[in-house]
Amino acid sequence: MLIPPNPDTPLVKIENASKCFGDTIVLDRINFSAKKGDFVSLVGPSGCGKSTFLKLIAGLHLASEGSVTIDGLDPKNAREEMAFIFQDANLLPWRRVLSNVELSSQLRGVSKRKRQETAREVLELVGLSHALRHFPWQLSGGMKMRVSIARALTLSPKLLLLDEPFGALDEMTRDKLNEDLLRIKARDGWTAFFVTHSAAEAVFLSNQIIVLSAKPGRIAEVINVKLPAFRDADLRETSEYLRQVANVSRSIRKAH
Amino acid sequence: MLIPPNPDTPLVKIENASKCFGDTIVLDRINFSAKKGDFVSLVGPSGCGKSTFLKLIAGLHLASEGSVTIDGLDPKNAREEMAFIFQDANLLPWRRVLSNVELSSQLRGVSKRKRQETAREVLELVGLSHALRHFPWQLSGGMKMRVSIARALTLSPKLLLLDEPFGALDEMTRDKLNEDLLRIKARDGWTAFFVTHSAAEAVFLSNQIIVLSAKPGRIAEVINVKLPAFRDADLRETSEYLRQVANVSRSIRKAH
Amino acid sequence: APTEQVSSTNGLVKVTLQTDWYAQAEHGGFYQAVAEGYYEDFGLDVTILPGGPNAMAAQKTATGKVEFAIGRADDVVLQASNGVPILIVGSFMQHDPQAILLHEESSVNNFEDLDGRSVMTTPGAAMIKYLEKRFDITIETMPVDYGMSRFLADKEFIQQCFITSEPYYIRKEGANPKTLLIADSGYDPYRVMYTSKTFAQKNTDVVKAFVEASVKGWKSYIAGPRDKANEVIAKGNPKMTEEFLSYSLNAMIENQLISGYQDEDQTGLIDPDRMQALIDDLFLLGVIEKKVFSRDLAPISFLPEYLQEMIDLD
Amino acid sequence: MNKLKAIFLPFISGILLLGIWYSVAFVYAKNEGYEVQRIVIPFPHQIVEALWDERAILWIATRQTAFAALVGFIAAVTFGYVLSMLLASAVWVKRSLYPWILVLQMTPVVVLAPIFVLWIGQGLPSITAITFMIGFFPVVANTTMGLISTDRNLIELFEMSNASKTQEIAYLRVPYAMPYFLTGMKIAGTLAPIGAIAGDLFAGSSQGGVGGIGFMVILYNSQVKVPELFATAFVACFLGFIFVGCVNWLHWMLLKNWHESVRATDIE
Amino acid sequence: MNKLKAIFLPFISGILLLGIWYSVAFVYAKNEGYEVQRIVIPFPHQIVEALWDERAILWIATRQTAFAALVGFIAAVTFGYVLSMLLASAVWVKRSLYPWILVLQMTPVVVLAPIFVLWIGQGLPSITAITFMIGFFPVVANTTMGLISTDRNLIELFEMSNASKTQEIAYLRVPYAMPYFLTGMKIAGTLAPIGAIAGDLFAGSSQGGVGGIGFMVILYNSQVKVPELFATAFVACFLGFIFVGCVNWLHWMLLKNWHESVRATDIE
């Protein structure tokens, strides 16, 4: 990580936060802090509250109890610094791929020329240069998700929230994007919360992994990934990596 | 497999089928036959035409050239024998989980008591017994997919088409459902086409794997999986299994 | 369907009269004939059907929905000449109460002064065409809104009225109206009773009975007493007051609308010459397209004998 | 947005509008005199007074108009709904019928009224028919739009289940079109009372001295009773509010579990 | 459904309707005589004849009504659209205004017309205002429904982008509500000509020659010129078809790329 994390000021601070929908407790007294530059993965069984966790950080859900702060601010006031890749692609059906990707920067008032340029770049990155003029209904499931990823990557946020962004992609694209993500992170130095179902992916990307247990969602374990800060495709071949993946896998199964 | 496949009568026969959307050729001269009882996995890069492939078999898309027949029939006339799990969950937003699952059998005229019973059973299977009365918007992404899977499992089709059904699920649930699927197949003896991004899953489930290459979608390779007909969780530990997974992985990467 | 066979109960022939507005003193004679039993005396059981803004009296008569209807002679002539199979069988007002309503303060004092002004009246009204031609003026029209608030709010506003009706309310609102009776301009249609041609052919006696009883009713309504009739009118029109009824009646008497300007009581009379003159006027004005004759549209044969005789004397 | 506020806000804006109304009427009265003001723009309290004074007769008229409006409204909604399903059932049906439905809708009431009166009779039957004519098209236009907007993916789901056209319509398109249908119904609801009043004007019958609100409108108009005239408008609005209120309630009941319009914000 | 069929089908059904019409009229004439038939249910060719005979005067009347309808329609659509956005912009705005918009919509034209005439003058201004009054609510009801139905997930997307309320409306809610808006516009389109005719009835003026179609309706009605009356209905329908045609074209242009209603089947 190029920007050294400052251990004194947690960027994201979750204190005793719970979330209920009606009578059901979805998240139960969560405590967690993430420092600047952290890459935190969230794993856990389906329906355990991972998306809800991210939405609490984003301020899209309000904690029923406890508090969530970003850099000391209420999440709603820190949106300028955040980007969110939703579990669904959430594309605007009336916009072509290119202008769907432009949306985020357009809403932030970036000039047309500039945002088109960025949009083209990130679409290149996710391998969709050939589909700029497609409408969402003309895309495959994986392509839609890639448009959504591209849209978030047009921003330079301090905090990136990713909800299973690569779930619908083939292994190769997924691996490539994992590597790209680390590269961009090294360049831009943001902090990330990342939901995934793949232990391998979690280990490859993160320095911390939160394992959630279900009903109600609680932090079962926080795993510190002890791998070098600089990681590339070669890491996947190392035995240390494979050991840690197996390790995380075991933790997830235990939390089930 | 309990019902021995009859090598003389292919259940699904795809002859020289192509699919174009406007000017773009998505699938290019596909030839493939599946015998009764086959479990065929489809793998390939995002956007290569896997979903289109399934929809051709289902008769939801018409081949621009060539032909597709099910048991000698036009796919549209063979729908009674088919079930399709779509890439999106496609739940009816105004129905609760239980009645969403009932839908398929309701449309086929099954009595209310009978279909409710079946629906409860399959919801138990996918681990959603606690959410019977939820509406779709109250479900997590993975839960929605599980409802969709449950809906298809209420039927007893001859041909099952599954489009990345387990992509949004955690490893444990996924493994469990894989095993359940094989169990049900052994009982009911259907034929399946299964889209996945996981080589491991493909090997675990199939006896044939079609590797598609992209732009335009062509069959790059058809891999015969040489594993015993009876498979359970233990198989995953065998070295023969792991070898074949690595093998398929390589093929996918080559086809990219 | 034009009733060919009339139904009868207790020996009385059932017929319906369609009026052109809600129950009011201007229909008084018919109500009088009902209330005083004149129709029964002539073997008729008459139901009066009040009209309204869209009474469609001619259509209903022609199609046999009702047996009799009333209207202004020029309208009926126009309708008949347009091919509606109806026949004028008698009159009940010698002169039409239609007038131009003005404020006392208005700069308009006679018909000539209407030149270039806007008048709220029925679009395409023949009387406006007559005034335009007779006095060589132009008048703009706007459709009636059935109200007088615009008149009251604007001292120069001009609208059509019945001298028997609107001025009463205008006075009540504290304004001073003046009127120009259209009949005074030389355009002087009767108000008439009519029926369908088929009905008249098949039921000559019924028609004659109806006309005679109605005329009797009118004479009696003008002469009084008329309490029973007024009671029926008030029942059919919830806003009707004793005071207003007597205002209308007085206006009818004062202006000799029912009996006519002659010394002799002409109630019910149709003078073929006067009718033909009206028809000729309408033809000259271009309101009707082909020449028709009073004897075809308004045969006098349905009038009571004594009225027919009056014509012969002329 | 709590319930108190929900009542409070239209109340506040109502007071405001009332204030404006009073000021305008007052200024007018100052310039033109109170007598003219009363017949041009009466004070609200004069309208309330008129409403009270005329309550007996207005009550009778209102009952008749309400009845015609109700029957016309129900007919418009039912018929519009069924017709939409028919239109959505096959393209050729729509192609063949839609233009003629438009013709029906666009033929002015003044022209239709005489035909109605001659064919189905003066009074209530015709008034109801006119109310129906005025209200049914918004239901058809909206419902049809909803039915043909149904999500393609869900239609594929039904196709895969070999669903019959009837099943597709009943279990998929109809619920999907519900928000559209309810909007059409809301429009029909606001049109029903004014339709019944127009019907009264064009095909009403005052036989027996009882007409509907339209009858009273003409009477008040001919007697320069302007506050009373406004009172009839008040009654018309009141009727309309009842219809719209019922539709809103239905909207809430039918959609509360799943549709954005009721989940997201509160409904109108 | 090819283009030929698209023209062919309404043509076929038209012929059919014409046939029915002729038969009914014929049977009626046989029973009641041709004179009565002509004023109850004229033969279509008599209507065409009337249209031809009266073409000169109808042309002038049509021009005036078309103008009023057009201006009223544009005003209704524009104002309705803007108002809906205002209503959707904040719950308190909607709470405060919506009931009074309903009141405006539900006040009968007969009551409003004299006020309009008094305040904005006889003739075109008032006719236009009445047309507007009749057409704006369907636009408001539909557009508002569309605006508040917007997908919650997309709204969260906008929230995350710190989008201003204006941006949310402009880039998300407005396009999302477009199918609803267009439906409202279609309803307003069918109402515009009949609104202009009703306006003519209540606030028209013969200034500068003849009045609009409404004038002609009164005239023909009072003279029992029934074929001519039907001819005016024909003109009204014709005007309506032009409006609806334009809206359909707009619908196709705006939604063809993405919305089910135009992708799935062809539009009405």
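Which chain is which? They are A, B, C, D and E, in the order written, and residues in each are numbered from 1.
One rule holds for everything that comes next: contacts are C-beta pairs under 8 Å (C-beta built on N, C-alpha and C of every residue); 3 or more make two chains touch, one makes a residue touch a chain.
These numbers were taken from a predicted model, which means no experiment stands behind them.
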Note = chain A and chain D share contacts with B, E
Where chain A and chain B overlap in contact partners, by chain label = none
Message = Counting only Cα atoms for the centres, state how far chain A is from chain E in Å.
response = 51
Query = Taking each chain's centre as the mean of its CA atoms, how far is chain B from chain C in angstrom?
reply = 85
Ask   = CA centre of chain A versus CA centre of chain C: separation in Å?
value = 87
Task = Let me have the rounded angstrom distance from the C-alpha centre of chain D over to the C-alpha centre of chain E, please.
result = 16
Task = Note the residues in chain C that touch 2 or more other chains, in rising order.
result = 54, 56, 59, 63, 145, 147, 149, 153
Note = Residues of chain D that touch two or more other chains sit at 40, 110, 114, 118, 152, 201, 217, 221, 229, 259, 263
Ask   = What residues in chain B touch two or more of the other chains?
value = 88, 137
Remark   = In contact, pair by pair, are chains A-B, A-E, B-D, C-D, C-E, D-E
Message = Under the definition above, what is the set of chain B residues touching chain D in their complex?
response = 55, 58, 60, 79-80, 82-84, 86, 88, 90, 92-94, 103-104, 106-108, 135-137
Query = Which residues, counting only chain B, touch chain A once they are in their complex?
reply = 21, 43-47, 50-51, 87-88, 130-131, 138-143, 146, 164, 167-174, 197-199, 215, 249, 252-253, 256
Chain E-facing residues of chain D, complex = 1, 5-6, 9-10, 12-14, 17, 40-41, 87, 91-92, 94-100, 102-103, 105-112, 114-115, 118, 137-138, 141-142, 144-145, 148-152, 155, 179-180, 182-183, 186-187, 190, 193-194, 197-198, 201, 213-214, 217, 221, 229-230, 232-233, 236-237, 239-241, 244, 259-261, 263-268
Ask   = Can you name the residues of chain C that touch chain D in the complex?
value = 22-23, 49-50, 52-54, 56, 59-60, 63, 65, 145-149, 152-153, 165, 169-170, 172-174, 235-239
Request  = Provide the residue numbers of chain E that touch chain A in the complex, in ascending order.
outcome  = 153-154, 156-163, 167, 171-172, 175, 178, 257-259, 263
